[in-house]
Amino acid sequence: MGAEQAWLLAAIPAGVFFVLALFGRYLPRGGDYLGVAAIGASFVLFFFVAADFLSFYDFEAHKTFITESISWSEIGNFKLRQGIHVDAITIVMFAVITTVSLMVNIFSVGYMKGEPRYYWFFAVLQLFVASMLLLVMADNLLLVYISWELVGVCSFLLIGFYWEKRSATEAAKKAFITTRIGDVGLLIGIILLWKETGTFDIQQIIHAAEAGEIGQTYLFVSIMFVFLGCMGKSAQFPFHVWLPDAMEGPTPVSALIHAATMVVAGVYLTARLLPIFEAADGALLVVTIVGLTTALLASLIAFAQTDIKRVLAYSTVGKLGLMFVALGAGSPAAGLFLLMTHAFVKALLFLGSGSVILGTHHNQEMDKLGGLWKKMPITGTTFFVATLALAGLPPLAMFWSEDELFASVNHEWGLWALVLAMLAVFATAIFMVRLFIRTFAGEPRDRQVHEHARETPLVMTGPLVFLCVLAVVSGLFVFNGVGSALGFPGGIGEFVFLEEPERYAIDWTLAGISLAVAVAGVLIGAYVYWGNSLVRSTRLAEAMPRLYAALRNKFYIDEMYQYVIDRGVLGVSYVVSWFDRYVVNDTGVDGSAQVTGYSGSILKYLQTGRVPNYAMAITLGVVGLTVAGLLVRA
Amino acid sequence: MATEVLWWIFAVATVLLSAGVVFSRSVLHSAIFLIGSLGGVGAMYVFLTVDFLALVQFLVYGGAVTVLILLALMLTRTDAKESLNGTQAPWAALAGAMLLAILVSASVAVKWPGDIDDAPTTIPLETISEKLFVDFGPPFVIASVLLLVALVGAIILARQEEGE
Amino acid sequence: MTFDEGQGYAVLATLAAPLLAALILVFIPGTQKMAVRYVAAFFGAVMLGLSIYVFVAYQVDGEQIQMSLKWVWVENTAFLGKDGIVLNLAVDGISAPMALLTGVVAFAGTITSWKINYRNKDFFILYFILLAGVYGTFFSFDLFFWFFFYELAVMPLYLLIGVWGSTRKEYGAMKLTLMLVGGSVLIWIGIFAVFNEANLGTFDMQRLFAAGNDGTLSPTFQKVFFPMFVVGCGVLAALWPFHTWSPDGHMSAPTAVSMVHAGVLMKLGAFGIIRLGIQMLPVGAEFWMPGLMVLGVTGAVYGATAALTQRDFKLISGYSSVSHMGYVLMGLATMNQIGITGAVLQMFSHGVMTALVFLMIGALYDQAHTRDMKDFGGIAKVMPMWVVFYAIAGLANVGLPGLSGFTAEFHIFVGTFQTYPVFGALAIFAAALAATYMLRMFSMVFFGPFNPRWKDLKDLTPLEAMAGALLIASIVVMGVWWAPFTDRIGTTVAALPGVVG
Amino acid sequence: MVPLENYLVLSAVMFSLGVYGVLARRNAVLVLMSVELMLNAVSLNFVAFAAYLDPERITGAIFAVFVITVAAAEVGLALAIVIRLFRNRATSNVDEAAMMKW
């Protein structure tokens, strides 16, 4: 089992998908064990792949990849190959995806118990993971696009899992269509890159871009189209609207979407193609600006949300923005490191909130929760750790990754970007504390909910604990010592890099500021939201009613889109339908038929029905034709 | 010379009789003129030395057809006061005249190949029979079937049905 | 008997099977409805088998035109010279997948029609005659017979829709037939013009193709008559703005006829553009292709836009057919190898997926007797298998990778970008619109709160499921492993005149 | 001797008279008689051509035989129709039988 067989990682869950989809309903327990086993197998295989990859690793050149491809189709010069490409980025993504997916799968066994279509949930989950794994190991953009779309359709199926609920269906539709609009850009970008380089192979395209074989403007335009796809998938402004609504799916699905699959696809692809972004002047700046805008916007909106999952969703949007900021600073290490730590933390948070939801019998409104820590100690503790981690407190994972981020942003763009990024982190700290306090701490707001709350079974708390450990330690991967001890060439910066490896050195000033920001955020949050009365926060909201309303309504972006869709897109469709019905069909087609009929109704009077008239017509016709013929000949 | 004079007499007679058919004010007269006219054509066949055809002409037209027509006239008595001509008679005259002009000018203007001024070549009966029964055998048979069909059809059409 | 000749008989058998079926059915009394069904199903299976054989037996690295079989019909009379009219059957890389498509859709349609009870003997006779026409058009390399079979395929539609149809069937049938016949007239005029201009005294396509290439058909002539063929065939391919028969015709047609019509017959139009347009009048094609491209893009975007707000299932499918056939025309108009290959792929792909869509619509309509989407909701509760099948068809429509629609559209997009990047971008945008109207329908019909009015709906019958599974298998095979298709199509397309590699 | 043109002109005159009769007459039997005139004119033409221009093949003469045959059949049928018409409509005028119009 070497890295060349990495495709097995995706193939096993994919195979199980077919088994479960076709026969799942006949299997005992809906075949959930098959699902867990499949992803467990992928998880185990990942270690073999990683070990094999590291055994190949060229410590001198500091860069290694393993690639394997087969010919797929050939039309003249248009040759398509499909294959896998395993390198450092792939290994990191594998680690994140397999780990989180496995935890989500195990958690779902408890969470989804007794749901209708239990087997179907697990089936689609397998396909979801398989597509994502395929996406990160694809060696060409065509395969990237294929798995990209498969990820999209799986998210559609999972978000809309409770299809009896109109809101779930609508959310699924919104997710699919919003990302699909980005995908239009992606496909255009891919084909534009192909047009210039004649290949879909990612490495060859990167070579071509780096060698300057593609004109600057052309390269910029095409990579921006590709980036549109990344924005859509990764819920960047202005495509971020689908992600909060995607909460309508079962909570484990949210965990998967937010942490390991779907949204990180955009980050992954940007990281993968980062050399091209670098080669195109200005592309990185666009990435940074999009990332910062999204991060700030999402952090603000999260303040005014009351649904646990919705708050978490906006925090994801914000963190995704920060990942793009990291990538925009030209540091794939920072971006992927943030992706990884965030994945563990966010999976933990979502599974934790899933645990809360199940423990309180499907209640996810913060206004009805509170004081749950005592009732649900394990969930509460892990959630607490995750909250602090997301807020960026040391020594928890996200502190280190955000530190890396700040360092690279500072280095690349200077103070303005650094300040904005920190602002986003600061806001995150505040609303995460708000979330935790209102859910777990203080006095219960709804007695009934509180009394029926209970801790969830081991199959759910187990993954929580495991992820909690990762949320604490995964940040340490930044240190070279830790990396080397695990057999890696060093810390994340030495493993994933663009041009040359960066040795991690902690910048005490930045770290201090970052720490200060996080602590300040946490304290302010605690001050504002502590206690049951909500006096301070209410006063705050009342002080700025319009801002509060704007935040509460997510800056009216959804309403704006709705307006555009209703009035714009559907309006055009009505116009086209009208045009087709009345102009093309009734006027053009039926109209010509009517003209024929009308002429007939006039000309019919020529048919007197009297034989002599007809005979006369014939005779005159003969005479006329003869004369005409003679004239023509003369 | 004698043939020519004779021809002219017959030709003028034929034309006059034909005119009688279409201009006469009595149906019966028309029918009688028609007999004459058809006989004139038969005479023309004689001039053209196709005696067999002349014979057929006299038998079929002079005999069968005219009898049929007379029979039909008797069965469909018409009101004597009624005009025999339709409203488009003047136009019909015009159309006929135009057609005549075209036909005559065409017959005169065309330069026919071959020997056209001399007497026509005699066509012996043997040639006709050979052509008719050997070369045109199948059409001949078909024509006979056609006659039979027409006969049956005519009977069916003209038959008095029950309840009429 | 050489190998090739033997295979020629396979082609002849494929063409003869539906005719034989129609002939046998004539002698079965109309009251023996089960016997009629068994005979029809048997011949459907035979056709499927033979079609698969023809597709597989086509040698990828052999000559372009294989399995040839000639039977001189009329020659050396009046205006016809040597090989005047020849029943010239053969297969090339484009007609091989088309034959396969016909076999698949025909078989699916046959077993779907199992439940037809009203005059099913007459239905099947007409149905098989139509199929014979389709096969004949795909196989004929003689202009006369090409047109003969083309008309043979179009004519039975009138009766099939007019007698066995539903909603406004007389109107739909009449409009469809008149528009298609109008197109045929243009083709017929064009065929005689070509015959006259080439002055070879033959309707043999290959000699006429040669005439088109070596200048016997003058450039001016080609430029004048190319639009005639394109419009004439384009009517059948739902070329914008001659597409309006498609929504109405599909709305009225019975299930199997919709399947065969949208699945196969519409492809005859595009096929005709390849055969008569690109192959016979290459200069005209080169001159007019930008215009066809514009019409194709218009159709693609227009159809997708109009489908957004429809409420009748069949209208959605009708408009989406307009949109997808727009892609086919775009692919043809690229005049490069990838684009035209993509167009043929799309012909196949659209055939199977639309057949599946109409199969599903029929399965619902037969029970619900309404097609207004607003009436439904949460159907997934009572008809889960139906929903899965329909969803697969819909997603193929949307161009989801792994299903045939993506394979085809991807090639078309790549081909279009080679020559017309802006149109390519528009087409990709139309594909996103496709996602919108499909998902809108999904969420209105499949999902949402269950409407108890439909609690008695039954899921697919085993026969329908079988037909659907066959179509889905085709969709998936082409979506995942498209090399067998591109190998066959690509080489033949490369040999078309005026096509860039 | 009599040249070919004479026959042609004669037949042309007869034919035109027949045409006039067909167009002008109302009585169906008279129309039929005029048709006979036209047919005879045509036959005469055929025979004349055969005798003058094509004495070997004499297709014209043979054709005349067929014309006479067909004419006989036609007269039989036409008169049957006339009788039928008269019986149904009590008229044999062709311009009164206009049932087939729109």
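Order of writing sets the labels: A, B, C and D. Residues in every chain begin at 1.
The criterion applied here is as follows: a contact is a pair of C-beta atoms (placed from the backbone, for glycine too) under 8 Å apart; a residue touches a chain by one contact, two chains touch by 3 or more.
These numbers were taken from a predicted model, which means no experiment stands behind them.
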| item | value |
| --- | --- |
| Co-neighbours of subunit D and subunit C - touch as defined | A |
| Inter-centroid spacing, subunit C versus subunit B (mean Cα positions, whole Å) | 61 |
| Between subunit A and subunit C, centroid-to-centroid distance (C-alpha), Å | 38 |
| Cα-centroid distance, subunit A relative to subunit D, in whole angstrom | 91 |
| Chain centre separation in whole Å, for subunit D relative to subunit B (CA means) | 6 |
| In subunit A, residues with contacts to at least two other chains | 612, 616, 619 |
| In subunit C, residues with contacts to at least two other chains | none |
| Multi-partner residues of subunit B (at least 2 other chains) | 86, 88, 91-92, 95, 99 |
| Contacting chain pairs - touch in the sense defined above | A-B, A-C, A-D, B-D |
| Sites on subunit A touched by subunit D in the complex | 604, 607-612, 615-616, 619 |
| Subunit C-touching residues of subunit A, taken from the complex the two chains share | 72-78, 142, 145-147, 149-150, 153, 156, 160, 163-166, 168-170, 172-173, 176-177, 180-181, 183-184, 187-188, 191-192, 194-195, 569-570, 572-574, 576-577, 580, 584-585, 588-590, 593 |
| Residues on subunit B engaged by subunit A in the complex (per definition of touch) | 86, 88, 91-92, 95, 98-99, 102 |
| Interface residues, subunit C side, partner subunit A - complex | 175, 178-179, 241, 243-245, 247-248, 302, 305-310, 337-338, 341, 378, 380-381, 395, 400-402, 406, 410-411, 413-414, 417-418, 421, 424-425, 428-429, 431-432, 435-436, 439-440, 442-443, 446-450, 482-483, 486-487, 489-490, 493-494, 501 |
| Residue ranges of subunit D touching subunit A (in the complex, touch as defined) | 19, 22-24, 26, 31, 94-95, 97-102 |
